[in-house]
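Chain lettering (A, B, C and D) follows the sequence in which the chains are written, and residue indices restart at 1 in each chain.
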Amino acid sequence: MKNIAVLTSGGDAPGMNAAIRAVVRKGNKEGFNVYGISHGFLGLTKGDLKKLEVRDVGDIIHRGGTILYSARCEEFKEVHVQQKAVATLREYNIDTVIVIGGDGSFRGAQALERHGIKTIGIPATIDNDIPFTEYTIGFDTSLNTILEALDRIRDTATSHERTFIVEVMGRESGQLALYSGLASGAEVSLVPEAIEEMSTVIHKIDESIRLGKKHSIVIVAEGAISAAECSKIISDALHIEVRTSVLGHIQRGGKPTARDRIYASRFGSTAVDLILEEKHDVALIVNEGKIKMKDFDEVITGKKNLDTSILKMIDELSI
Amino acid sequence: MKNIAVLTSGGDAPGMNAAIRAVVRKGNKEGFNVYGISHGFLGLTKGDLKKLEVRDVGDIIHRGGTILYSARCEEFKEVHVQQKAVATLREYNIDTVIVIGGDGSFRGAQALERHGIKTIGIPATIDNDIPFTEYTIGFDTSLNTILEALDRIRDTATSHERTFIVEVMGRESGQLALYSGLASGAEVSLVPEAIEEMSTVIHKIDESIRLGKKHSIVIVAEGAISAAECSKIISDALHIEVRTSVLGHIQRGGKPTARDRIYASRFGSTAVDLILEEKHDVALIVNEGKIKMKDFDEVITGKKNLDTSILKMIDELSI
Amino acid sequence: MKNIAVLTSGGDAPGMNAAIRAVVRKGNKEGFNVYGISHGFLGLTKGDLKKLEVRDVGDIIHRGGTILYSARCEEFKEVHVQQKAVATLREYNIDTVIVIGGDGSFRGAQALERHGIKTIGIPATIDNDIPFTEYTIGFDTSLNTILEALDRIRDTATSHERTFIVEVMGRESGQLALYSGLASGAEVSLVPEAIEEMSTVIHKIDESIRLGKKHSIVIVAEGAISAAECSKIISDALHIEVRTSVLGHIQRGGKPTARDRIYASRFGSTAVDLILEEKHDVALIVNEGKIKMKDFDEVITGKKNLDTSILKMIDELSI
Amino acid sequence: MKNIAVLTSGGDAPGMNAAIRAVVRKGNKEGFNVYGISHGFLGLTKGDLKKLEVRDVGDIIHRGGTILYSARCEEFKEVHVQQKAVATLREYNIDTVIVIGGDGSFRGAQALERHGIKTIGIPATIDNDIPFTEYTIGFDTSLNTILEALDRIRDTATSHERTFIVEVMGRESGQLALYSGLASGAEVSLVPEAIEEMSTVIHKIDESIRLGKKHSIVIVAEGAISAAECSKIISDALHIEVRTSVLGHIQRGGKPTARDRIYASRFGSTAVDLILEEKHDVALIVNEGKIKMKDFDEVITGKKNLDTSILKMIDELSI
């Protein structure tokens, strides 16, 4: 009987549990023993794993976070640490590991590959910043959480006729800022991939005010500019009161949306299919709306594009 | 200055307002006068329309329903009724109408085309049952509403160890039943496109019970079997208490999700682009994840496929 | 060391888990062993119980349903069944049972009292129909769930200018119908305690329509009239299309609201305080906003009043 | 025909619209002309008011914010500014103003009283910090919003086994921190009314960790200590990674809960009753669960108590 394992790594994302459930149940169905590794690569180095039965993943499809816990593991870049992890896997006779996480996690998977362990990656990060895939687990939930926050903030912005600067996650990627800007009807979204001149932003808000719109919402990705800095520039330029809100950690948790549960289930199930087909050293991706696979090498070295036509759309629709 | 109009028709769907907003603002930006027709084709026959300014569509992007109201209009199949509608459009010098709705609404649009009015369709129906398009506005919100209801029902199903039959919308299409089944971890989804033998369903629940799972959830699309009938068959066969829930009208309303607002905004904006390109007699669709257009003729006569591999996945993952 | 037990009985209600958590942790803090009885009185007769540690009730405060499962147990009215339950308790040396549920559950508790077991009742039922207490656990969550459903239905009612009849829970009590009517701005609520002439309802809707309000929502408690019957009467009288929605089981589950979690925590903690004070044969109640206790006898034989001035308010505010 | 007016003042609170609706409709029903004053006392000084008809307050019962806008108005402390406001009221022949807001707003009402204008106060502030009343409009919605945020944060706290410090609103009042702490199962709530030694907090978290609970949540009211400061003290003392989240403006907006809509409707309706009874210079309050009235003088000079027994309960139940 074949032994495989699954772990979650990096920042937690809603839908990770649905993916774990799918891996365990589909794996079980195909006759595999499925081990759950706790605390990501860190847990692997410590032998922190146990066999998961189909009942162990009951009642988790709709829960945020990850029952396998997650951890960042800087040390995993060192070969001797990787060797400890491999020793654990050899001991349990596990030859394939399914890694659920972002591109940092996929680098960890590649390290295992170099030691002869087969790996398959499932893209899961709220940032949706992994190259080649249109979707990563957690993005839709996070986007809706941001939207709910923006809808609340809009009530106050309208009632007090104020300008709000709202900072969302995204150090290197503006996906959350971009799509929450379009979906909330914000005046402008500032993203790291296409940093606008602040003068353009100021002009936009100024024009809004002149056209009779008394409140404005500006979304900033944390990697573009901080809410505090953006606020200062705008209030200095326009002599208006500006409020800021940094959404922070609430963007990460919560019950996964339909979309996240569906992709997580499909990714988890497909990952087991790939094992049956003896594929490895690949990540699952969504391309042109379909689930496909892509070599880790390409995914890790690739560049994620941002659809900048959406920025124009935000501008045109928020008159 | 060019005059265009927009209407919503058929069952209301969350995101219709976001689409109206996009049409009005993008249209305005391109120098068009945009008229809003109330009560769909029915309103058009009665001259129930007025010019919409950019401010008229403020603060609606996040609201369910449609500010233009909707109505079914059986009479619109008759030529003399269509002629009255066309007369209204001539009077206002409107040469293009953007029709937001399902395939019934697209048939109405085609009728206008036959009288020389240009039309563009935006797919909006919670059922996601329009051929050639992977997405219709409202589907994601409805799916998440169903999921929320299922999460609630699951609490009672678990606490009382009961089997529940939950009936969702879908007379001819099982899209909602299919994807809510996968996303909720239901035991089985019954869809009109691939009606399973009830003996299979009974076997599945029986097996679940034998494997120690004390509660089960079965999703039925209204077009496949009614919850009442399904319940009777199962309780008769297995001698267990079965509860039913018909979700009904709550599936139709509510604040649109991010996905619905994003597609609605993109569809609305793109529809105006098509007018600029002098395209008409087409519906917007999502194909391979991208927004494209398709002749009304094809859309109306086409057949929407259901991904039946999802049925197998539901079965495998709900052990 | 003193042994006590806790069970949940009757229909599940959101907040039951928060109450269980409070009983276990506060009990533990006071030096008691706390046993959890599964499946209510039925489980007690079968010896279905185990000791709960403080960690066993972690991560449940925000979950709907009940981790102790619930069951109705008609047989518990028979003395020999009660004796089996008492034998279980004697075996485990348990002298006090905290019963979380409705008035049916309190009758079960009284039966235990007659056999020398001390009992304390915590009022938990979404119906809020227990005499002398202003509040029962689950009511607030259920009310908000109904409201959310009504807000969705309102979108369709408005968009299609229709009248909706919405049936909510409440066989003998109109609390949910009454307060959801006020909170949703419904035209009228029909409650079992004060059944209005249908002619009044018809007049009200007719007047609404004449005053230009094109849509109406009528809430009916299941114990007053069924949605189907109400719909028929109205559509026959006014010759308008009427839609119905029976909310059903979704009213019972879901994450408890703040109010339910707060009262559940306070009730659970206070129940343990009562044990320390050697009180028993009583239910906790909320009276004039404060938590007090009341003899089971009074609670069971009492009559719950409905504030009918709210009916007048619903009428006056829904012009 | 009698003329009355209504305004909202201070920070916006969910439920203000439901109160406005009730005032307008009940007032109208009693034969009054009801004027809506925009932008609070500031708008009054500028003559920014208009008559509201029953239709003007349709479809707002479920909306956050305030359709009458709100504003802070420091200048209103000056007599000549008050006189301008009074002149406006005289001009429109308005003799009574219903003021919806917090205690600052009630001071504005008192100022009007000194100039011969009758006023009635409706307590509305998310902070629930007004003396003598158990409830203020907006508190329940805000509490549930905080809880939802905490449930999300808990997912990450659990998955990464981290300690989180979450800062909620409350400069002088710990009501939100107190009850969100109890309802979320937080380890501790820090409130301005009863500032605990940080050593106690550190001890509590340390003990939690030793007992095997790997994650903790500490709630701080902004008036007690900032999240940043609290975080620094804990991480310095225990050498653990601590994350912070400042919930900020999301606590203020959003759709009002059932409880807020119910109290808002009852307050609004009762305020009109008081006018009929020729009462004025009073605020409505909730006392022992009932709606009563209280002289402005007492309300403004009184002191709001915090039920510190809840702090003990939080501690005991979060083992």
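Definition applied: a contact is a pair of C-beta atoms (placed from the backbone, for glycine too) under 8 Å apart; a residue touches a chain by one contact, two chains touch by 3 or more.
Everything quoted here is computed from the prediction, not taken from an experiment.
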item: Separation of mean Cα positions, chain B and chain A [Å, integer]; value: 28
item: Distance from the mean Cα position of chain D to that of chain A, given in whole angstrom; value: 35
item: Where chain C touches two or more other chains, by residue; value: 151, 154, 158
item: Graph class of chain-chain contacts, one of line, ring, star, complete, other; value: ring
item: Touching pairs among all chains present in the structure; value: A-B, A-D, B-C, C-D
item: Residues of chain A touching chain B in the complex; value: 21-22, 25-26, 28-29, 54-55, 58-59, 61-62, 134, 140, 143-144, 147, 151, 154, 158, 179-180, 182-185, 212-213, 255, 257-259, 261-262, 265-266, 269, 286, 288-290, 313, 316-319
item: Chain D-facing residues of chain A, complex; value: 8, 11-12, 14, 63-66, 69-71, 145, 148-149, 151-156, 158-161, 164, 243-250, 252-254
